[in-house]
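Common to both upcoming complexes is chain A, partnered first by chain B, then by chain C.
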Partner chain A sequence: MELLNVLAQQEPGELAEGLTAVGRGIVYGAAAIGPGIGIGIVVGNAITAMARQPEAAGMVRTTMFLGIAFTEALALFGFVLSFIVAG
Partner chain B sequence: MTSAPGSLSAPIDGPAPELDIARDLARRALPVAPVAVVVSGLIWGIDGAVSAAYAMVLVVANFLAAALLMARAARISATMLMAAVLGGYLLRLGVITVAVLAVRDAAWVELMPLGLTLVLTHVGLLVWEARKVSVTLAFPGLKPAGSPGRDQRG
Partner chain C sequence: MPAMSALALEFPPVSHVTEWPSIFGGEGPLAVNKVVILMWISVALVFGFFFVAARRGKLVPTGIQNFAESIWDFVRDGVVMQTMGPEGLKFMPLLVMMFCFIVVTNIWEVIPVAQMPVNGRIALPAFMAVLVWVIFNVMGFARQGFGYLKSVLFPPGVPKALYILVTPIEFVSTFIVRPLSLSVRLFANMLAGHLLLVSFITITAALFTVGPGLVIWPFSFALLVGLTAFEVLVAVLQAFIFTILTAVYIAGAMHPEH
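After this line comes the complex of A and B, so read on.
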């Protein structure tokens, strides 16, 4: 019981600070899931295309690289948002 | 054991267009960097300018690392390419996170210009490059020498 009392003690603003950190983690985590799925789809389809038509591999890889980089921008956006909005 | 051409365990032949694109992106970042640094400097002062420069370095390093990883993996096999892209995504995102968190409490860091430069230059450089690549893929005859994806000519 005494331990609970010790744990319950907090400085003013400590709760808000903790919740901000949790929120930041949720925003970043959620923002990274979508691009992860998107990149998986892009690469999976690109590899299928390269396996079916190896002579078009150069074009497929060019498009794939740009697709991956664009999708990754979403994760960066979430990351930046998480620390800019939280301050 | 040998693998049939086009199988997932066979290496992907041909030159790596990713390296050409990443090099092109890095080249395009050279004129963009001073603009980002000066604009950030005007709005947020010296700290803003330094933060913008740091973000530019992160963006270019991210592109180069992604291209290098993909080009090397493609030389091994298509399966390795898939693994390298997905693993590389996690790795690079982690490195960017650590690189930003490591300096976020430093005296010279302004988070707003750092974040804005990170996102805007990443997307801006990609749009710039995609415009060129889409034109060269659609009209191969107009493709300038040394452009990304030149190996598809034929």
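After this line comes the complex of A and C, so read on.
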């Protein structure tokens, strides 16, 4: 770490601060991958169901929002965690 | 967290846009700040709205009573009937109040002067999640007695040996992750929306100076207006999701899984 500071010509605290910011970005970015794919699958299948059976659209929409809510929770945990990551 | 700067724009740190000074000079957890004032106004608005709507109940509703009844119908047809069935109708007062209160507390996000969602701080979502947790557990024990714990922790149809794995997972997901995710979902959505609007307001304000920035200023402003409309959608959608999850949790506790 000492050597890195000399090489980058930085104050000691700056490196840790920058790495924390990078860590925050990675925490949220990584947490968003899975839910992103998951919400895509949920909504895609809901649209297929609605197109096949438009009379069931109301029920499908309710269930779709439920599925989105459960999937999305993981991404939001990551969002909150990115603030908690010690800075 | 220090102020971040990108492209020579100074973004305020998160604490500057979510932490408000105490108004009446109080200290600690009982201090009254802008968020608390907005919450009180929301309580008064929701109470006043339904009080006025129900004061002169008419068979053929007009005006404000019509609006209140359309909200009631929306919650009954869109939430209760889809998840709990007719026996969930006795939870209608709880669910309608919850829906209206969350919509009003969320919508402060886009109201000028206020510009702060009450649910952007975790206190109110956490309290409501604890309330839901207590209600669905009480309903479970009231309906099924101690069979409730058995039906939650030992779901039928699972091979005996797998209970070593299934029981801890079910315990954590039902009694710990449910209230946690319920509160964090609402809180994080509103906080994220708030930060998004703050970021675009900062960018739009910073570009509004004579210079090269003025060329792209209209695009930034148009996106800000679009995002404001999107946040109105998110405010109502999150209230709907919170209400429907409450209904699902209560319905799940009242009926054993089979």
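FYI, the second predicted complex is superposed on the first by the 79 of 87 C-alpha atoms of A that agree within 3 Å, B and C clash if a C-alpha of one lies under 4 Å from a C-alpha of the other, contacts with A are read in each partner's own complex, and residues count from 1 in each chain.
What we mean here is this: a contact is a pair of C-beta atoms (placed from the backbone, for glycine too) under 8 Å apart; a residue touches a chain by one contact, two chains touch by 3 or more.
Please read these numbers as outputs of a predicted model, since none were measured by experiment.
A.B. asks: Scan A:66 for contacts with chain B and chain C and give back first, second, both or neither.
C.D. replies: Both partners, chain B and chain C.
A.B. asks: Taking the superposition on A as described, I'd like to know which of chain B and chain C A:17 touches: first, second, both or neither.
C.D. replies: second
A.B. asks: Check whether A:77 is in contact with chain B, with chain C, with both or with neither, and answer first, second, both or neither.
C.D. replies: both
A.B. asks: State whether A:27 touches chain B only (first), chain C only (second), both chains, or neither.
C.D. replies: Touch status of A:27: no partner.
A.B. asks: Does the superposition put A:39 against chain B (first), chain C (second), both, or neither?
C.D. replies: So A:39 only meets chain B here.
A.B. asks: Scan A:52 for contacts with chain B and chain C and give back first, second, both or neither.
C.D. replies: After superposition on chain A, A:52 lies in contact with chain B alone.
A.B. asks: Give the label of whichever partner, chain B or chain C, reaches more residues of chain A.
C.D. replies: Larger number of chain A residues touched: B.
A.B. asks: State which residues of chain A lie in both footprints, the one left by chain B and the one left by chain C.
C.D. replies: Shared contact residues on chain A (touching chain B in one complex, chain C in the other): 58-59, 62, 65-66, 68-70, 72-73, 76-77, 79-80, 83.
A.B. asks: Give the list of chain A residues in touch with chain C in this complex.
C.D. replies: 17, 21, 58-59, 62, 65-66, 68-70, 72-73, 76-77, 79-80, 83, 87
A.B. asks: Which bits of chain B are touching chain A when the two form their complex?
C.D. replies: Against chain A, chain B makes touches at 5-8, 12-18, 21-22, 63, 66-67, 70, 74, 78, 81-82, 85-86, 89-90, 92-93, 96-97, 100, 104, 111-112, 115-116, 118-119, 122-123, 126, 129-130, 133, 137, 148-149, 151-152, 154.
A.B. asks: Contact residues on chain A for chain B in the complex?
C.D. replies: Within the complex, chain A contacts chain B at residues 28, 32, 35-36, 39-40, 43-44, 47, 50-52, 54-59, 61-63, 65-66, 68-70, 72-73, 75-77, 79-81, 83-84.
A.B. asks: Of all residues in chain C, which touch chain A in the complex?
C.D. replies: 1-2, 4, 14, 78-79, 82-83, 181, 184-185, 187-189, 191-192, 237, 240-241, 244-245, 248
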